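For reference, the structure is listed below as structure tokens.
Letters A, B and C mark the chains in the order given here, with residues in each chain numbered from 1 onward.
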Amino acid sequence: MHHAHIDKFAYQDSPVHRLDSRVKFLVVLIFTAVVLSLPRTSVSILVCYAVGPFTILVLGRIPLKFAFKQILLVSPFILVLALSCPFYDRNPVSAAFGPFIGQVWAGWLRCFNIVGKFVVTMLALIALVSTTRFADLLTALRKLAVPKLLIIQLGFLYRYIFVLIDRAEHILRARAGRKLRSLGFKAELKTASSMLGSLFIRSLATAEHINIAMQARGFDGNWRCLSKLQFRRYDLLFVLVSAVFMLVLYFCVGHFLQ
Amino acid sequence: MHMANELLSVPVAAGTLAIAAGGLGIICRKARQVISSDKIALMGIMGAFIFAAQMINFQLPAMPGTSGHMVGAVLLAIILGPHAGAIVISSVVIIQCLIFQDGGLLALGCNIINMGLVPSYLGFFLYKSFTAGPFSNLRTYIGAMLGCVIAIEAGAVLVPIQAALSGVLVVPFATFLVTMLGVHLLVGFVEGLITVAVLGYIQQVRPDIVSDSLVGKVRLSRKAVLVSLAVFAIVIASGLSLFACGFPDGLEWSYAERPDQPDFGPMISNENPTIAKADDFQTRYSPLPDYSIRTSEMGKVTAEEINIAAGWTSFAGVTGAGLTMIFVWLTARILRRKNTVEA
Amino acid sequence: MPKAIEIENFSYHYPDGTCALSEINLSIEHGQRVALIGPNGAGKSTLLLAMAGFVKGEGKILIDDLTVEKKNLKRIRRTIGSCLENPDDQLFMPTLFDDVAFGPLNMGLETDEVKTRVNNVLQTVGLAEMADKAPHHLSAGQKRAAAIATILSMSPQIITLDEPDSSLDPANRNNLIKLLAGLSQTLIVATCNMNFAFATADRAVLVNNGHIIADGNAKRIMLDSDLMIKHGLEVPSITDNWIRLPRKSISTKSE
């Protein structure tokens, strides 16, 4: 089950894991914005920006293969978008890289730009999520003024996704075991809706039990949390280093590179 | 339907994030009044249900090899009421972004609006207006169907608009819009069918759920709904009109930027958005001299010296970055090995 | 001294009219350990829920001399802690620590007091190193112990457990028995596993079809093979090792 995947790195120990989750979240957010705001034909400088998330991943002991596999999983739509650029924009444009000088379609630059930005921002997001325990991420969001009801909702959702996905898998397996040929749309729809319906009813029962458990422990509508985040000098250091990194790349290096 | 970061510019992303955040804030506050505390677990489970439900797929007719699955926004809104439904779907979108990296971090605002807020309220409103009055199966199903199709189309329409507002599109706007509308018509239709079928199943097993909103009575003030719909329509209309009237064709406006002065959160004045934006586009995207990559209307290569210098700096930048990464990786490995040896 | 649990003529019908519990009369003293035995569908779970005020029927239920009704529910749920059949339903917070802290926090205790209680309880059930883990990282046996921990942190006087041994392998079942043996609260354990009942309780209450069929000394009732078989159960195999586990002396009232 892929939930083992996602969580298992979050419980390791590393300099990155020890950072305050608020700090990580905000830095990644700003980093994403900075990368996104780069010109639409930048390609080389994206590689420079990639050093940031790369370092975080390495220091956080997150296998790069895992990170790239995740990226690959969610890339289809963006690849379609990127590859459509050379189709629509065949304006020849001069480009130079190292010893190579010549003409390429502007669309290709655009394509590489999109893919590059995608990879870099995704790496940053993966760096954030795989080095932070979800509970800490939620606490960070709570401290960043996200409404409490939404925080509760996210907590429950995360907790029970895998329970319900496992149930759905069982149901799918049961269908696979009994379905021997294609049945036609109407029958397919009927089967799928029965599966969904029974999953739904069962989920209602689970929700009712959880509610009983909550009431049994005195829940009265007021969600109380123990806050456990601490901003230390270590986190400040990280903020400064990240800020310097981004500023240097944006203003100085950005002048010379595209 | 999940938008990626690259479909947006920073200002549009920031704007939609603000709208989504503000919207969710209001909804959460309103929801706390309407939802009793013993429905909180239910909301959480329903979110997980949506995830699991999206795994249950079935073969689509006439499209061999592809399978469809439900989105669930309208079903949730019908069963939980629009406020709780919107919160649940928004939480699903957030988790999809954070845990499964489906949809970019900065695109979260857009995704919440397109797939959460708009379908929930629009779908619910359509469903309710159709099924107002004594409960009747047929009307429930038609209402659900209509709600699904229109709600999903509405969300789909917003995507090209948001992308175009960001000035990101290379594909012509019209093409993108038509493609999205077309594909999502089918998606909405399938969604409607499943929603109706699931509602039918639930109706047999737990009829109390369908005829009455699970989470308590929701009174959508007619006026509030109409005003919101009007605002929504205006936004869509101005978005569409902006691009209908003499929008520069895709080729011209993509590359006329100065690489040494990257876009820096451009200010877009809002008094008369249509005109201001048109102006903005004219000034920002007309070709400027003096950089190594520009569209040349004759297709000619620009000054070689500039290119050579630029080429080598790019190369230096990339190589430098690559070396840094290798250095970081090696250092980390050595330090780790040292730690394990000492320990 | 008031009894821990006093049930007088309690009946409950499901919304569709089926009778779940009928004319239940039951009296349990503080410090007793009672096994609620019976086949599937006998009404054991419903009875446990009724004790904690989750089920509204006819008749009277008193928990430590408090009538189970809406205005007393808050106090009653501090006195009687309910462990549900599926620990996944009880572990709903992002981390184990948060789950165990949930109860004390709802009781209005101060942060430091809550933290102390949580740490102590996790120590008692043997899950101290798992405090920061998410519930889905725990094994079945650990989840069961964790579920009990979430109740223990509220310091209840009475603990009810609904089929706590289900889906546990023999080793984990053994651990559970040891854990329960170390508790000083009044225990009511619903189970259809006779060996487990025998190892955990001194008194047995046999329930079937919503009625109490027999109530008395656990050994006497459970070794009556005709009675057991008639009600879909079996006689415990008394040659099993764990029955000889030493039990902590039971105080009449827990601290």
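Rule of thumb we're sticking to: a contact is a pair of C-beta atoms (placed from the backbone, for glycine too) under 8 Å apart; a residue touches a chain by one contact, two chains touch by 3 or more.
Source: prediction; values computed, not measured.
Inter-chain contacts peak for the pair A-B.
The chain with its Cα centre farthest from the Cα centre of chain B is C. Chain A has its Cα centroid nearest to the centroid of all protein Cα atoms in the structure. Separation between the centroids of chain A and chain C, computed from CA atoms only, is 42 Å. A separation of 15 Å divides the Cα centre of chain A from that of chain B. As a whole-number value, the distance joining the C-alpha centres of chain B and chain C reads 48 Å. In chain B, the positions touching at least two other chains are 41, 44.
Shown for chain C are the residues that touch two or more other chains, namely 92. In chain A, 134, 155-156, 158-160, 163, 206, 210, 214-215, 219-220 are the positions where the chain touches two or more neighbouring chains simultaneously. Those residues of chain C that touch chain A in the shared complex are 49, 52, 54, 74, 77-78, 81-82, 84, 86, 88-95, 97-98, 101-103, 105-107, 111, 114-115, 132-137, 150-151, 154.
Those residues of chain B lying in contact with chain A across their complex are 2, 4-10, 13-14, 24-25, 28-29, 31-32, 36-38, 40-49, 51-53, 55-61, 70, 87-88, 90-92, 94-95, 97-102, 104-106, 168, 170-172, 193-194, 197-198, 200-202, 205-206, 209, 250-251, 254-255, 257-260, 262-265, 292-296, 299, 301-302, 304, 307-308, 310-315, 317-318, 320-322, 324-325, 328-329, 332, 336. Only residues 3, 7, 11, 133-135, 138, 155-156, 158-160, 162-163, 206, 209-210, 212-220, 222, 224-226 of chain A touch chain C when the two sit together in their complex. The touching residues of chain A, counted against chain B in their complex, run 6, 28-29, 32-33, 36-45, 47-48, 50-51, 54-55, 58-59, 61, 70-71, 73-74, 77-78, 81, 84-85, 88-89, 91-101, 103, 106-107, 109-110, 114, 117-118, 121-122, 125-126, 129, 134, 137, 147-150, 152-161, 163-165, 167-169, 171-172, 182, 185, 188-201, 203-204, 206-208, 210-211, 214-215, 219-221, 250, 253-258.
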